[in-house]
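Here's a structure for you.
Going by the order they are written in, the chains are A, B, C and D; count residues from 1 in each one.
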Amino acid sequence: MSAAVIFPPDQAPTTARNPSLATIAWRALTRKSGRIIGVLILLFFISMAIFGPMLYPKQLPINGANLYAPPSWAHPLGTDFEGTGVLAEIVTGSRYVLSAAALAALFTIAVGTFMGIVSGYFLGLTDNIIMRITDFILTIPGFPLLIVLSTIWSFGSPIAMGVVLGLTGWGGLARAVRSQTLSLRERGFIEAARGLGLSNGHIIGREILPNIAPYIAMNLLLSVTGAIYAEVGLFFLGVIPFQANNWGVMLNLAFGNGAMYTPQSLLYMISPMACIMLVTFGIVLTLDALDEILNPRLREG
Amino acid sequence: MGSVAVEPAQASALDRDVACRVRGLTVTYKVDNRELSALRDVDLDIRQGQITAVIGESGSGKSTLALALMNAVSKPGRIAAGKVTYRDLGEVTAMDSERLRRARGRSLSMVFQASQNSLNPLTRVGAQLLDLARSHDMRDPRAVLREAAALAERMSLDADRVLTSYQHQLSGGMRQRVGIIFGLVLKPQVLLLDEPTTALDVLSQSSVLEIVRSIQRERQLTTVLITHDMGVVAELADRVVVLYAGRVVEEAPTTELIRHPRHPYTRALIQAIPRLTGDPSLARPLEGQPPSLAAIPTTGCVFRGRCPHRMEVCETSTPGISQVSDTDHRYACHWEGAAND
Amino acid sequence: MIEVRAIEKVYRGGGGLLSQRAVKALRGVSLTLKDGEAISLIGESGCGKTTLGRIIAGLETYSQGELVFDGTPLSQVPPGDRPQWFHRVQLVQQDPYGALNPARTLGNALVDPLKLQAKHLGKDATWTRERARELLNLVGLDPEATLYKYPHNLSGGQRQRFVVARALTVDPKVLVADEAVSMIDVSLRLGILSLLSDLRVRLGISVIFITHDVAAARYVARDGVICVIYRGEIVEYGRTDDIIRSPVHPYTQALLSAMPVLRGLEKPGPDRFIPSQDLDTQAQDEAGCLFRSRCRFATERCGREHPNLVALDGGERLHACFYPQARDVVPVPVG
Amino acid sequence: MKSLIPRLIRRLFGGIIMILAVASFTFFLIHLIPGNPALSKLTSLEMSGVQPRQAELEVSAIYGFLPHQPLYIQYLQYIWQLLHLNLGKSIMYAGISVSHLLLLALPWTVFTVTAGIIVSFVVGILAGVLIAVYRDRWFGNGITLFSTFLHGIPQLIMALLLAYLLTTIWPIFPYGSPYKASMTPGFTLPFIGSLIFHAILPVAAYAISSYGGWALTMKSSVVSVLGDDFILASELRGLKPRIRIGYIARNAILPLFTTLTLSIGFMFGGSVFIEQIFDYRGLGYMLITATTNLDYPLMAGAFLIITTAVIVANILADFLYTAIDPRIRVQ
């Protein structure tokens, strides 16, 4: 009996290796034009954060004679209430915003994934305790909590900011990862692995994690947007001492110095907001591709 | 017993006996820009007042057929060719949506798989029966409730309890009986049963089959039974249509089919049933895998990949319909051995 | 040899804090399974047969009684050694779709436990690779066509074969197959059943087959025993042929009656009856015979006294009915 | 009905525990603030020559506990005062009790947040249904894109944009206070009209920033309900379209109530920006001003009340859900 007849063409026996991750990623990216745009936006901002600040002096110059100037060659986005170039502020401010957001996202993911898997896999008392804490964290509104915390802990540096955002933001992810772990447990393969004597470490690392990896990767990017909003918001409210220029500080100064009341400040007001929205937009577009890259079932299609 | 090749038109002898006629039915699904046929060129007569079973495994197209009989194939599928005509309703494949809606549930009613929840989880059973009655403009919706209660009592259910229950308060066997009540309460002309007992417990299965059998006999209700289980067919059906990979491969009265299967697939299927009597080691597993939609060959015999009697001609030419002489038994196979039992 | 000694399983919970209710899944079940023997556990869903299988496979604990493997009771095994101890029993689950990790290749799924086994036996990586191929061949899968695939590339029947191969990686002495064919296409079911029978003969492992399908139970345990379970109790037990030919407990008779008759080849047994009442899984009645509310032969005594499992005519067969009477409910072959 | 009452009791009990936990958190927070403000206040009062007894009374009135006593006594004092709804006295609004200040602030926040939730919920659900119905056409894709875009804009940005664009660049709406400054507050038609007119932008900021989430959630909910077996069954039973739409709508909206609880916290959290930007003297405004002016009793009180409001709103949402879903209501 020839195998070709028994097996449908798309399931024909193959000994060929599966395509490499790079090939899969490239295919997924090029499938929709929006995805490429998303990745390009992100790359643009990342390089701005890395190299941008090198182009400007540490202390940006003030020019009292050139307040709220319209765009010019020297200042393509005009100037602010002190005559400082808006573009210069945007570029130098990006490093803090993006690095703190990236760190916060990493912390959030690490803590949330750990808590969620441990809670969903071991169940019992561990689960009970972790879920109580999660409920608590999820119920308390995030911004008010951060504001209150700012009185006892100065989190002006990107690392401190990342840690704080990570420690207060893992609740949602932990709960989602727990429910995914629980539903994986329902399926037989976890039980089978235990019956075969495979260790808990193996089961968590090799059986559970690969299944929720796409979800975690997507949340990593989503947490970046959440972290950007949080830090920009805190600086806007002025509850954290400014250590460096960033987009939140720009909004705070604009708001506090009356830029709200004059139409001339249009570019100054809009620029930091536009950057935040562009980064968000880039992340959303990239997420779409990431989902396909990491999901073995979608890859086949 | 010899066999002769016949034309499909000749095959359907008596119009008076036929409640529903399917001709040249082809249903395709659009997958990745390819049109794949789930059913191809199906001819079928549903006899008036009888139970006609359609048996097939997954990928045979039997669920698609159930939908097509109500002209309810939905995207990405479509009825690409053919007609489904009922004696009392006319051609459902040509009806506009409002006429179709009036026919569904009223003249043609369907009992769904036991594993499916066919009830709205947020509304009581009684209220949903009233919705059904109002949708079909019954003059006295209360009478429908009374009829439902009578049916419930007959199925040894507590009618008051069932009608005031939500779906989640009913066990699997009870839900399926409620599904049957919905199917019968408006006194349809044709009843479709789609895997009515799959996923039910053994004892529930046999009592549900018993209920269907007795009501069908009493009302002489034209019934179509869609199933994968030869046991259910043997218990209920008067006639059987065997579907494989979207094609009808054999059709005969039930006892005739079970006693003298002709098509190699039907033979293998019956041989693969473990039974309570006889030598268990005589049962033979069926080779190969069930058909997958993407892999159904478009020319030649659809079963050839698993067939022990495969010949060269099976690769190139689609077998025509042969009829066992002087009987109501038809099959589609090139193999000469099929003619002998 | 496996001995199940008077095992009870009680689930707590249901109904909130105030109305804590205990659900008795098993009420003192005793069984013995010799090496290489086949036993089929039959009953409706919710009767406790699955729980029993999972307890034997070490996936669930029991409340009372004792589980004994080759003379060693579980209670004497230190908790740390129990996973290793339960290696000898492997469960083949009902759902072959959930039993395989969708995110990993089949090769990995097979090699992981084999690596543990290799370490245990002092073998090297070559042995692992060869053993993987050997096992796939044993269950009728083509190794080259299987190892590099993901589970979604296989059909239901192929998956279940693979699940059996994976269970064999740790050289079990017992396979517990829990409704192992109910989610597979009809045309493929017999293939899996005969695979289980073959493995038992070729490898000398015992098979515990859990099902509600009496015909499948007979096929797998044709030279073994059938054990009928109702609401956590064994109600009838005996050699497969004896149980099928002359069931004495009304519940067994109901199960056998419910099997469809292949008209044309068979006709219904003269005593066949169809019980109209469904199993009430919430039933609270504890006095008397647990089956009496659904039993057409129940008497006043059945409501008063609880029938215990006793030998029929002093032989090997056991039953738990006050009025054991053989009835012809099985289809009779014709022509 | 049987399971409803125990569930109610359980939820209320859980809520009280939660509020107690938050109160404990604020208590310890004040102790962790660098320089221990309560103790330093006491010292400075005593240094300036106030009688020790008098100084103690004053500090105790402000913070609700006496800083030089053992910690557990301070804690008990604090909780005891809380049980009497005494949150201490404000520092920046010298001498005014925190509970009085917050009582005045509460309606502003509750009014705008509730309006925001209702508007976004209703509009979001309608948009979600439209997207689901037209999901394969440009119209549906258009709304999806628009909703995804709005969903991505944080409250801060939305509020700033609305305020700047619609009051400064295009001066359509008033800006800077919750009602016209020249008016005297009272139950008069012009005053209420002015209140509503001034509230349009802040409510819009709340609503727009969470509208997208509702629309997208509702869309996936409708799509998943459309795939349910009973919807196909209702079609094949020939139910009238009107009845079928009712089936779909009820089943699709229900799961959204569980998301509502998360949204409530998000909305209250956003009040810190929106009240700051639109100059509403609500809870969020109080929290920010208290924090930046080192008025710790007011800060702790505002935080506690915001959290309590969220917890109460969650319990209400949970009840609404329980009342609608028979699967929980009837066992």
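Note that a contact is a pair of C-beta atoms (placed from the backbone, for glycine too) under 8 Å apart; a residue touches a chain by one contact, two chains touch by 3 or more.
This one's a predicted model, so the numbers in the text were calculated from it and none came from an experiment.
When the C-beta contacts at B-C and at A-D are tallied, the pair with the greater total is B-C. With chains reduced to the mean position of their C-alpha atoms, the one farthest from chain B is D. Per-chain CA centroids place chain C at a distance of 55 Å from chain D.
Computed centre separation for the pair chain A/chain B is 52 angstrom, with centres defined by C-alpha atoms. Averaging Cα coordinates per chain places chain B and chain C 32 Å apart. The distance from the centre of chain A to the centre of chain D, each centre being the mean of the chain's C-alpha atoms, comes to 25 Å.
Shown for chain A are the residues that touch two or more other chains, namely 7, 11.
Within chain D, no positions touching two or more other chains are listed.
The residues of chain B that reach two or more other chains are 289, 292, listed in rising order. Across the interface of their complex, chain A is touched by residues 57-59, 83-84, 86-87, 90-91, 93, 95, 98-105, 108-109, 112-113, 116, 142, 144-145, 148, 150, 152-153, 163, 166-167, 169-170 of chain C. Of all residues in chain B, those touching chain C in their complex are 57-58, 156, 171, 173-174, 201-207, 209-210, 228-232, 234-235, 254-259, 268-270, 272-278, 280-281, 283-286, 289-290, 292. Residues 135-136, 138-145, 147-152, 172, 225, 229, 232-233, 236-239, 251, 255, 260-263, 266, 269, 273, 276-277, 280-281, 284 of chain A touch chain D in their complex. The residues of chain A lying in touch with chain C in their complex are 3, 7, 11, 13-18, 186-189, 191-198, 202, 206-207, 210-211, 213, 296-297, 300. On the side of chain C, the complex with chain B involves touching residues 44-45, 155, 157-158, 185-191, 193-194, 212-216, 218-219, 222, 244, 254-266, 274-279, 281, 330-333, 335.
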